[in-house]
Structure formats: structure tokens, C-alpha cells
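Chain lettering (A, B, C, D, E and F) follows the sequence in which the chains are written, and residue indices restart at 1 in each chain.
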Amino acid sequence: MRRAQENETDSAATETHQLTQVCWTKCFTGNVSGSKLDKTEEGCLANCVNRFMDLNLLTVKHLNSMRH
Amino acid sequence: MRRAQENETDSAATETHQLTQVCWTKCFTGNVSGSKLDKTEEGCLANCVNRFMDLNLLTVKHLNSMRH
Amino acid sequence: MRRAQENETDSAATETHQLTQVCWTKCFTGNVSGSKLDKTEEGCLANCVNRFMDLNLLTVKHLNSMRH
Amino acid sequence: QVSSEANMANVRLLIEKLQENCFQKCVPKPGGSLSSSEQSCATSCMEKYMAAWNKVNSSYIDRLRQEQGVQM
Amino acid sequence: QVSSEANMANVRLLIEKLQENCFQKCVPKPGGSLSSSEQSCATSCMEKYMAAWNKVNSSYIDRLRQEQGVQM
Amino acid sequence: QVSSEANMANVRLLIEKLQENCFQKCVPKPGGSLSSSEQSCATSCMEKYMAAWNKVNSSYIDRLRQEQGVQM
């Protein structure tokens, strides 16, 4: 159980690098100031991750439907 | 003969990922609609691949000429 | 001593590919003409490399200061 | 078997790149859900990207054969 | 130990990407030295990038768990 | 020999990146053939890219040496 969680975190970290790059470009378009995330930035990042994963699900669903 | 063709296809597939990225950016600049390639998109992709390979030949030729 | 210098050059070459990509985008924004670097381009490239490395030092310094 | 593993790797890489490119194009500002226009853009985009991959692949192979002077 | 090596690799990759992105954003035209406004942009940027990494990581893990139907 | 293999890999990577960057810059809209202006842009571009690589490489090595306090 402990191990499973660690592995999840490790492989999640790898995926996180890619996603951070994608969502950084979408959510930080202007000048950066301050050292903490503001509410808008936090919300944008959470939405970015969740919409990216919605799109992944949609892709799998659509690819499966094309086979039939 | 069969094998050679398979290998060609495999290594071609690897190159194809890079080229698709390059040519996607050049040929699909606006909104996408419809699920099939139209004539313009097909032509653009074929030209993109062929001009990229022209440029590769030109590079090799030019680099060789610089050595003499 | 000879070997050390060779190794330095080899690993430097790897880093150089990345840095060339970054600095090419910054220093060659318009059309290219002529086959040699002009003074502006040379200066821009040297500045680009040095400011990139300033930023790396700043990062390390800042990350260390955040731990305390 | 090697060939089919290579094929799986190709399909996986194709899907990965398709998702990145279609997210980029179809979801400019991620909101609280995927809107219906974002969804229809995304399905168009993924079919187009796969079709583009096939077109690029066949153009590339044609060109290689032409350069090698092989007649089909 | 494997886990801590993976962690080191992660930190190294995070720093590498942070430097590239913050150089891109904060040093549009590299001059003869790093100006004080470039420096303050850079320190903001690196803290924001790390915070963004953490937020993306936790959102990603939350979503994975949700999809797997695991209750926390 | 290892060193010369590393060198070959470097040259290959340099050529690969040069081609991508010069195609990007010199062939904005790929047509039915490479025009003469695209060709002259491309030869300029590849020489500039190689010169840029050399300049970046020497600036980088100079800086490393300076940081290590080694006098030449």
C-alpha cells in the first residue's frame, strides 16, 4: 500500500513535468510578479490539468468508437 | 525483401512523428473542422515533407562543398 | 589534464545544443542574410549565454536561501 | 514481435502528440468543463492529426523510394 | 534509494525547465548584465514555477484517484 | 574512439537542429519546389547556425573556466 502510493507519486511526477510545461504556457501569459500563486493562477492550473485529462478520456473513447 | 520493407517502415515511422509535428504547425494554422483532410491540407502536407527533404539534400551538398 | 579538457568539451557540447536553440530564437528574430555572424549577432549570443548562466547562479543561490 | 512492439510504441507516441497538439489548439483557455465546441474541435482535431500522420508517412516513404531510384 | 534517486532526477529536471522558462520570460533581450528588474522577475518566476509544479502535481494525483474511484 | 563517437553524435544533432530551425525560418509556406530565395536563405541560415553553435560553445566554455577561477 505504502509502496503503491510511492510509485504512483513517482510516475505522476514524470507526467507532471510535461503538464506543468503545457499549463505554464496557458496560465502565465503576462508578466510574473509576487512569489505565490494568486487565486486566478491556481484555478487556471487546476482547470488546465482537468481539461487536459478530459481530453485524454475523450480521445480514448473516440478512438474506440472509430474501430466499430 | 519483406523484412527490409518492414524495417524501412519502422524507422520511417520514427521520422514521421517529427515531420508530422513540423508540418502540422505549418499546414493547420487556423481552426480545425471536419474529420477528413481537404485537398489544400493534403497538398500542404505533401509539399511540406518534400521541401523538408529538399532542404536536407541541400544541407548535405552545401556542407560537402564547404570542406573543399 | 589533456583528458579533463576533452571531457569538459564533450559535456559542454551537449549543453551547447540546448543553449544554441535558446539563443538562436532570441538573437535571430528576422530574416537571415550573409554567411558570417555580424557584430550584433556575436554580441547577442555571448550576452545570451552569459545571462543564462547568471540566471542559473541566481537560481541556485535563491533555492539555497529558501531552505533557511 | 519486435515489430509489433515498435508499432505499439508508435501508436502511443502518436496519441501523446495528438493530445498535446489538440489541447493546444482546441482548449485555449481551460474553463470549468470541456465545452461542446471544445469537444467537437477535439474530435475533428484528433482525426485530422491521425490523417496528417498517415499522409506525412506515405509522402516520406514515397520520397525515400524515389531518392533510392526504386520503381514501384 | 531508488525512490530518492528518482526524486533527485525530478528536482534536477524541475530546475532545468524552470531555468529555461524563466529565462524565456524574464530576459527577452539579453544585455551586458542581468538588470535588477530581470533579477526580481527571475526570482518571482522560479517561485511561481515551483508552486505551479506542486499545484499541477496535486491536481493530477487528485484526478487520478477520482478516476480510480478511490476515496481518501 | 569514444570521443570521436561523441563527436559524430554531436555533428548529427547539430545538423538535425540546423535543418529544423532553417526549415522553420526559410520555408514559411512550403510550395511545389524550393524557390531560389528559399535556397539562398537556407544556405545563409545553415552557416549562421553553425557559426552560432561555435560562438555559444566558446562563450560557454569561457564562462565555465571563469567560474572555476582557472587562468588561461
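Here is the rule we go by: contacts are C-beta pairs under 8 Å (C-beta built on N, C-alpha and C of every residue); 3 or more make two chains touch, one makes a residue touch a chain.
What you see is a predicted model, and the numbers here were worked out from it, not measured in a lab.
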item: Given subunit B and subunit C, the chains that contact each of them; value: F
item: Minimal step count in the chain contact network, subunit B to subunit E; value: 3
item: Furthest chain, CA centroid comparison against subunit A; value: F
item: Distance-maximising chain from subunit C - centres being C-alpha averages; value: D
item: Listed chain pair B-D, A-E or A-D that repeats interface C-E [over half of contact pairs the same by residue number]; value: A-D
item: Where subunit D and subunit E are represented by their mean Cα positions, the distance between them in whole Å; value: 28
item: Subunit A-subunit C separation of Cα centroids, rounded to whole Å; value: 30
item: Centre-to-centre distance between subunit F and subunit B (centres being mean Cα positions), rounded to whole Å; value: 21
item: For subunit A, residues contacting two or more additional chains; value: 23, 48, 50
item: Per-residue multi-chain contacts in subunit D, two or more chains; value: 26, 43, 47
item: Cyclic ordering of chains (reference subunit A, direction subunit E); value: A, E, C, F, B, D
item: Residue ranges of subunit F in contact with subunit B within the complex; value: 15, 18-20, 22-24, 26-34, 38-39, 42-43, 46-47
item: In the complex, subunit D residues that touch subunit B; value: 3, 6, 10, 13-14, 17, 21, 25-26, 41, 43-45, 47-49, 51-53, 55-57, 59-61, 63-64, 67
item: Residues of subunit B defined as touching subunit D within the complex; value: 6, 8-10, 12-17, 19-21, 23-24, 27-28, 31-37, 41-42, 45-46, 48-50, 53
item: Interfacial residue positions of subunit A with respect to subunit D in the complex; value: 22-23, 26, 44, 47-48, 50-52, 54-56, 58-59, 62-63, 66
